[in-house]
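Note that the chains are named A, B and C in the order they appear, and that numbering of residues resets to 1 at the start of each chain.
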Amino acid sequence: MTRWWSGEELAAEAERLVPGSVSKISATACIFKAENLVQVLSALRDNPATNFAHLSNLCGVDQWDRFEVVYHLQSLEMNQIACAKVEVQDREEPSVPSVVSIWQGAWIQESETYDLFGIRFEGHPNLQRILLWDGYPGYPLRKDFLSMPGGLQPGLNEFAGTSAKPEPPVRPVE
Amino acid sequence: MSEIVQSEPFVMNIGPQHPSTHGVFRVKATVDGEQVVDAEMVIGYLHRSMEKLAEERTYTQNIPFTDRTDYLSSMSNNLGYCLAVEKLAGIDVPPRGQAIRVIMAELQRLASHCMGAGAFANDTGAWQTPIMWFMREREKILDIFELTSGARLTCNYMRIGGVAFEIPEDFEEQVRALIGPMRETIADGEGLLSGNEIFLVRARNVAVIPPELAINASLSGPMLRGSGIAWDIRKADPYCGYEQYDFEIPIGYQGDAYDRFIVRLEEMRQSLRIIEQALDGLPGGPHSTEVPLSLRPPAGEAYARIESPRGELGYYLVSDEGPSPYRFHIRPPSLINLSVLKEMTVGGSIADAIVALGSIDIVVGEIDR
Amino acid sequence: MSLATDHWYDFRDLSNLSRVILEGIDKVAPYELAYIVAPIIGFVAAFVIFVLPSQLYVGVYGERRIIGRIQARRGPNRVGPFGLLQPVADAIKLLQKEALTPKVADKALMWAAPVFFVAPCVLLFAVIPFGPRMVFADVPAGLIFFIGVSGLPVLAAFIAGWSSNNKYSLFGAMRIVAMSVSYEVPLVLMLLCVVVFTNSMSLPAIVEFQRETDLWLIFMQPLAFVVYFIAVSAELNRTPTDIAEAESEIVAGYLTEYSGMRWGLFYGMDIGYALAAAAFASTIFLGGWSMWGLEQWVPPWLIFIAKTHLFYLVFIWTRGTLPRLRVDQLMGFAWKFLLPLAVVNLFLVSLERLWWLEAGLGDGMVFAFAGINIVFSAVAIFLWARFLGYRPESIPTRPRLVQKAGGYVPVEDPPGGGK
């Protein structure tokens, strides 16, 4: 069975490798600081106890006040998986260091995250929109992206308001 | 040769309309004569923004979306999503439901590999014959799906907490009737292609992915196993009771297109073994647990992955206690396996590029989502 | 020759008809007129009794039915009884379709290419002996004529590919020219072996040689037959070597921009060339219209057509089963494998022929030569393949199986070391 690392375990290991790299700890994930993200992730990859050589998943999450980029790190030899995150507060020009230098295959997932969230990955060799066309207005997976013109909300209106998060502000599509 | 004869490279579009791109997928290949000097992929023709749409629908309503990502293996996609929701909400599936899920997932793997292996043979130029043989068997599997769920491609059969309906009475008989001919067809396909010299020179040492690159580029599924890495989530992180079944992981030798092809064929044999065992030990009891229609899982996040026919299919869900997922992310194995397209194609000829693309076994619905 | 068709009214053998007509003309008209009438009769007879039905029913219908059988499906079975009218329906559909010309194409050349492609195909049948005295142009160097004319469609295909102004078409055109240049060499060398052995370039004389010695050249020259089959299937773009129209790579090669009846002409004449090659092969290697005395009882042209279609069946069979080679592998195969074998075979055949003539041996010697050549061919192919590094047994065709998931499993016995 795969060992799923908890946030505390990953944070302890990361603090041991790169002191001062952890920003927050949640039950399932460890949130790193953006400035030494590349350093800590490459240390986690090369450290024999963690050996996270396989980047299973990379995606973004819009949490209204911040963006999260979620990394699921996996070790094939040790059969373990851990979840690392990095947060970015800036909504206008969100930017996160790219991990392409650590995992080559991350470029395609980072491009997709850039395409749909608008999070820039600094150091990405060829960051451009891959699913949508150049010049597409806005970034669709952001929570404040309106998919229909005129401020109409799609989907199940009867369930709206059940969310603890504030309602999305009406902003016209550029 | 290239030092003596100077020629001007030009861009050749392979796709979006091309017999070998397996959908609306385009490779902008810069070619110098027959040699590919640069390859850039252009995707997004089939982008439907499922991840955004899913944020507006309830957890159960999202299951049909997962059918339509990888339309050649809808059962596996259903399963991956349901596992993620069950993990998020802490729902247990009864043993019968798990066994039915395993049978369906393995039948789907057979159907998908029939298509994958046949289309790969088509790409190497074995003009339609292997694919027609494999399609004949695939039709029988689709008939079983139709018998069970009412649909052939987009089955929409798995539910959160189990499966949608009880299997029909003659299900077991039909599945058992399929196993023998399927074994024969696999052996036929192997006999036609595996030892064929033309097939060997076309697929051996073509599009080689060394194991270090395979891991570093996050590849999964037959792409990873073809490079000689023993990694199968059914073994590594068993779900749906895969630990009860006796099967083996086929791995390749050097990570070329031929290795990926033989790994797929062997996986089909292993799937048949799993189906036989699951049918033999099919437990009684309910096929599903009762799950409220508007499920509101506790706030949190869950990442569940399964071994889909194309590789590691992951679903990352974030819940805010609402009736619909706050964030719905699919980890598409086809897309991530494509990230090494450049490494596989550059330096080879156009014919090799087609073989390399065929050996990835992409489904464009899953790439673009 | 004591065939049954010595009376003018005996038309069991169609060659008698043309002979009677020609001799009749000879009596009443100037001798030169026979030269005009003979080709017309030849053309009509060849086209009506052979090319048209063969093309429609063996090439289109039969091929699709047989390939369907190979591929576990039915093939055409809707139009007419057993789908027999399918070729006609296809032709009508193609005639109705618009023949599109791209804006940027070279319109004149694109229009002309199908014409250039069709014309040589009809010429090819002129030198083929369908039966005794049933050759429409008994050219003394018929073999050279056939090789020369069968090289012409390559030019037409190149024109088609170039004038389409499409990159796929250009690739197809370049590939077909490169392949033709490569494969003409072993092909001609192997036919030279036949010429040396039979001491003639006339196709009727080669058939006569096989009839008199009671042994077909396929047994006397097995290597030549194998090389001819490979080379001709390469030149005809049949599947193991159809790189010029490789569907999965370059869409349809030089035919990408063709549609309607223009495409239909290419398609139909592809079958025509394949049938011509099959007819040529059955003339040269399979004894033509002779069949160890059976030609006394069955019209020889029927024997000939049966042999031709049998040969064509092998084309269909390979098309239904084999994958396609890459272009450089195909060229390498011609130059590295076939050419040395052809040269060695030519040397051996010349020695045999010289010995045969010098020692003044009888016709029975051909059986000894056949034995020598069959053994030589098998040994030469095997040894030359081993020399070039062909080791089929060393390549594992089944993957390794492991029980436990983990990281990379090193290969203890790498491919090449056997499994």
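FYI, contacts are C-beta pairs under 8 Å (C-beta built on N, C-alpha and C of every residue); 3 or more make two chains touch, one makes a residue touch a chain.
Keep in mind the model is a prediction, meaning the values are calculated, not measured.
Q: More C-beta contacts across A-B or across B-C?
A: Higher contact count goes to B-C.
Q: Quick check on this structure: which chain has its C-alpha centroid closest to the centroid of all protein C-alpha atoms?
A: When every chain is reduced to its C-alpha mean, the one closest to the whole-protein mean is B.
Q: Hey, how far is the Cα centre of chain A from the one of chain C, in Å?
A: Roughly 62 Å, centre to centre.
Q: How many Å are there between the centre of chain A and the centre of chain B, using C-alpha atoms for each centre?
A: It comes to 25 Å between the two C-alpha centres.
Q: Indicate the whole-number Å distance between the mean C-alpha point of chain B and the mean C-alpha point of chain C.
A: 42
Q: So which bits of chain B are touching at least two other chains?
A: Those would be 215, 229, 231, 236.
Q: Which positions in chain C are in touch with at least two other chains?
A: Answer for chain C, listing residues that touch two or more other chains: 405-408.
Q: Two or more other chains in contact with one residue: find those residues in chain A.
A: In chain A, the residues touching two or more other chains are 76, 79.
Q: Spell out the part of chain B that touches chain C in their complex, as residue ranges.
A: Per the stated touch rule, the residues are 10, 12, 18-20, 34, 121-129, 132-133, 136, 190, 192-202, 204, 211, 215, 225, 227-233, 235-236, 248-254, 259, 262-263, 266, 349-352, 354, 358.
Q: Under the stated contact criterion, what part of chain B meets chain A in this complex?
A: Those in contact with chain A are residues 43-44, 47, 49, 51-52, 55-58, 213, 215-219, 229, 231, 236-238, 294, 300-301, 303, 305, 312, 314, 316, 318, 320-324, 326-327, 329, 331, 335-336, 338-340, 368-369.
Q: Going by the contact rule set out above, which residues of chain A touch chain B in the complex?
A: Touch list, chain A to chain B: 1-2, 27-29, 53-57, 59, 61-62, 70, 72, 76, 79, 81, 83, 103-109, 112, 116, 130-133, 140-141, 145, 147, 154-156, 159, 162-165.
Q: Note which residues of chain C are touching chain A in the complex, please.
A: It comes out as residues 405-408.
Q: Applying the document's contact rule, which stretches of chain C touch chain B when the two form their complex?
A: Counting only chain C, the residues touching chain B are 67, 70-73, 167-168, 171, 239-240, 242-243, 246-251, 319-329, 390, 392, 395-411, 414-415.
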